[in-house]
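Same chain, two partners: chain A is paired with chain B first, then with chain C.
And then the complex of A and B:
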């Protein structure tokens, strides 16, 4: 059972929900796909860390073989190559590693080398396997790291919780590709509804079964709740705005491991999600 | 025109809340929202005019003409993005395609072409102020390019304004790099949580890579005083100017839900934000005489 946790924006509580669901599930895997700002490991503080460097291919130009035909420069759609002073220059941050330049160079002057863009760390925290992708600062895209991260999804049928990057762009699509179910986390504000609507459209587009967790619920109107009711989206649970929870969470403690009260909230949320996934599987089989 | 960019390393820390307050305090004539993945600034910057809308074309997408395709499979073999689907002939996965053009180049039958694809929409509000914003189409990549377009649209419409305030995008990746490019100063909004400190350090390191001046403020500082002190100490030891701290304020949530900024109502967070604003502008526009 692969469960992706999404929100239109950071700060809504994706990491709170996914970390605590994994902690409540016991033996499970937590995968942090928010490679630009991975935070789950700060909560789990995993041990026995093994790391794997992630690299992408970038071109290496042999000036001695280059005859200045500029085929590569003209071909590159990402403006990663320029011909300056009878030399081909590479702007590696712009490169998408498509391999076109080396493929097309008539002089065979372009080969490819590995460029490190980040790493994946795998460790354990109690009985949760914690896998984190970390993109190097100054890099443009985390997609190559996410692609590698998803290979860490175990083949056993244990539960996997995928903490997604914020937004609804390409990087999020990559993260939900292998998900059986999507949990959307929403804040009770006007911003919250706007962002929820974006990820809601994304999961609908990809035909992923989904439900919403309302986070930071206060007394009074909840625009996100209203949105769910109007659009008949399943509300999986409500997490109250609560100072004690806020303090534990801001100190990077796993609330489900700290108190029975919070453990109960996430155990019950996990039960609801599991039932939904089973229901979806039954309907689709 | 000097440009101030508001960043946080992550969404939800209060970037838009701060940006909207700054725009009001400064009576800014020029501003933009570079969070093209999930723009929110327009929700609190009520505009009396309809925006001028224009389609944004991202990178083109490949298309295979089934009548010309000879099913050789070379395109699939060379595509690095797994965007060629083999299923009773070959087709392109629109969302996976990055428009690199390798498939078109290797196709021996001339069956593949790259066609323009709408990846989002740019909006420009022009009345007594200029507000440039955009929204990326769901699932599209290349948001960095759209961010550059938002800034370009802003600059072209700006006239002779002295400064612009830009609400940035979350994260440290391509849209953020595109927002940082060319700005004079970055205001980093940090949150006093262990996660928030980690995000702040990563965005500071990113800004430093692009040699952009940074100043820091803390939002919701009283939700964790110990961590707030750590952030202040971090700024001190790294020689980063500190602009101040804003308390958690449920009035701020109420203001936002009414479509107002915290500068529009009398509240604790609004008063604190004004101090942060004044300190930031003192550094951005030092008095030289």
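And then the complex of A and C:
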């Protein structure tokens, strides 16, 4: 089963939830799709690291062959090309590697070359296989790295936890594509409800079974809980707002590996999620 | 000399549009003939790369100078490659800015920003 963990903004607790679910699951795979700032590995401290460079295709323009017809410039939807002073200028950060310009060029002046955009690191931490996507600083899109990351989903039926980027943009859509179930993490504030609503709309749009983990729970009103009840969204579990958990987590320790109390919280959350996934599979089969 | 200026509306008496890439129009003003022409900025509605596309429009208009309050990195690269000078606008109308340029009172735009590239809403 592939579980994606999402939230509308950073700092809500995606990494806390996905790292600890993976730790509680024992033999499992944790995939960090937050390629702009992957931090799951800071908790797992994986060993036996193997890395793979990720590159995309970008056009290479041969000025000697170009006759300035501008078909490539007019075609490029992403405005990655401009025609300046009888030369085609490439803005490679804007390029989405569609390859259209090289196919289209009547002069065959455009070929494709590789451009490195980041890397994937794979290692192990106890029973957990830790796969991390790292995007080079300055790149515009993490999608090519996430596409490659998802190929690390094992074909066995062990549990996979996908730590998604924050928000609901295209990189998040890419990250949840192969997920069987989405866990939405929410903070107990009005702003938290706004962020929850964003990812809730996304998973509904994608038709993904989902449930919510209420993080940083305090005594008193919880607007996110109210939102779940009103919208009949399954509440999978509650993580308390507590000093000890915060301290362990900020020291980059995996709380489920450090204390029985937290291990119990995440084991029980994992059981709930597993049951939900099985239920969804039964309903949809 | 031909001067390009981003404009919110087709009027020389209004201020300069604060955005370059997403400006609805560009004024192309010829200082020799005092002729002014407003052209549509086809980049205004593009999802990404508006700066580059808008720069292409300016380049194709054969302008010699661009007056704008700000300009993104990619647009600046394209415009500079075409040997078009970028000047920073001052308060006042578009016409005030054209006069200021003619009188040599505008300085070149140096603070080129890294661009607001869609996905993450700029940073």
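To be clear about the criterion, the second predicted complex is superposed on the first by the 285 of 285 C-alpha atoms of A that agree within 3 Å, B and C clash if a C-alpha of one lies under 4 Å from a C-alpha of the other, contacts with A are read in each partner's own complex, and residues count from 1 in each chain.
One rule holds for everything that comes next: contacts are C-beta pairs under 8 Å (C-beta built on N, C-alpha and C of every residue); 3 or more make two chains touch, one makes a residue touch a chain.
Note that the structure is a prediction, hence the values are computed from the model and not measured.
After overlaying the two complexes on the shared chain, residue contacts for A:218 are found with chain B alone; chain C is out of touch. With both structures placed on the common chain, the touch criterion links A:141 to chain B and to chain C.
In the superposition on chain A, A:251 contacts chain B only, with no contact to chain C. After superposition on the shared chain, chain A has more residues touched by B, the comparison being chain B against chain C. Look at A:205: by the touch rule set out above, it reaches chain B but stays clear of chain C. Of the two partner chains placed by the overlay, only chain C lies in contact with A:79; chain B stays clear of it.
Residue contacts after overlaying the shared chain place A:169 against chain B and chain C alike. Legend: residue contacts after superposition of the two complexes on their common chain; A:91 is shown touching chain C, with no touch to chain B.
Shared contact residues of chain A, touching chain B in one structure and chain C in the other: 77-78, 93, 140-141, 167, 169-171.
Partner chain A is touched in their complex by these residues of chain B: 9-13, 16, 37-38, 40, 43, 59-60, 78, 80-81, 95, 98-102, 105-106, 136, 138-141, 143-144, 170-174, 177, 191-196, 198-199, 202, 205-206, 209-210, 223-224, 227, 250, 253, 256-257, 259.
Those residues of chain A that touch chain C in the shared complex are 73, 76-85, 87, 89, 91, 93-94, 140-141, 167, 169-171.
If you check the complex, the residues on chain A that touch chain B are 8-12, 15, 36-37, 39, 42, 75, 77-78, 93, 96-100, 103-104, 135, 137-142, 165-173, 187-191, 194-195, 198, 201-202, 205, 218, 221, 223, 243, 246-247, 249-252.
On chain C, the positions that touch chain A within their shared complex are 43, 46-53, 55-56, 59, 74, 77-78, 81-83, 117, 119-120.
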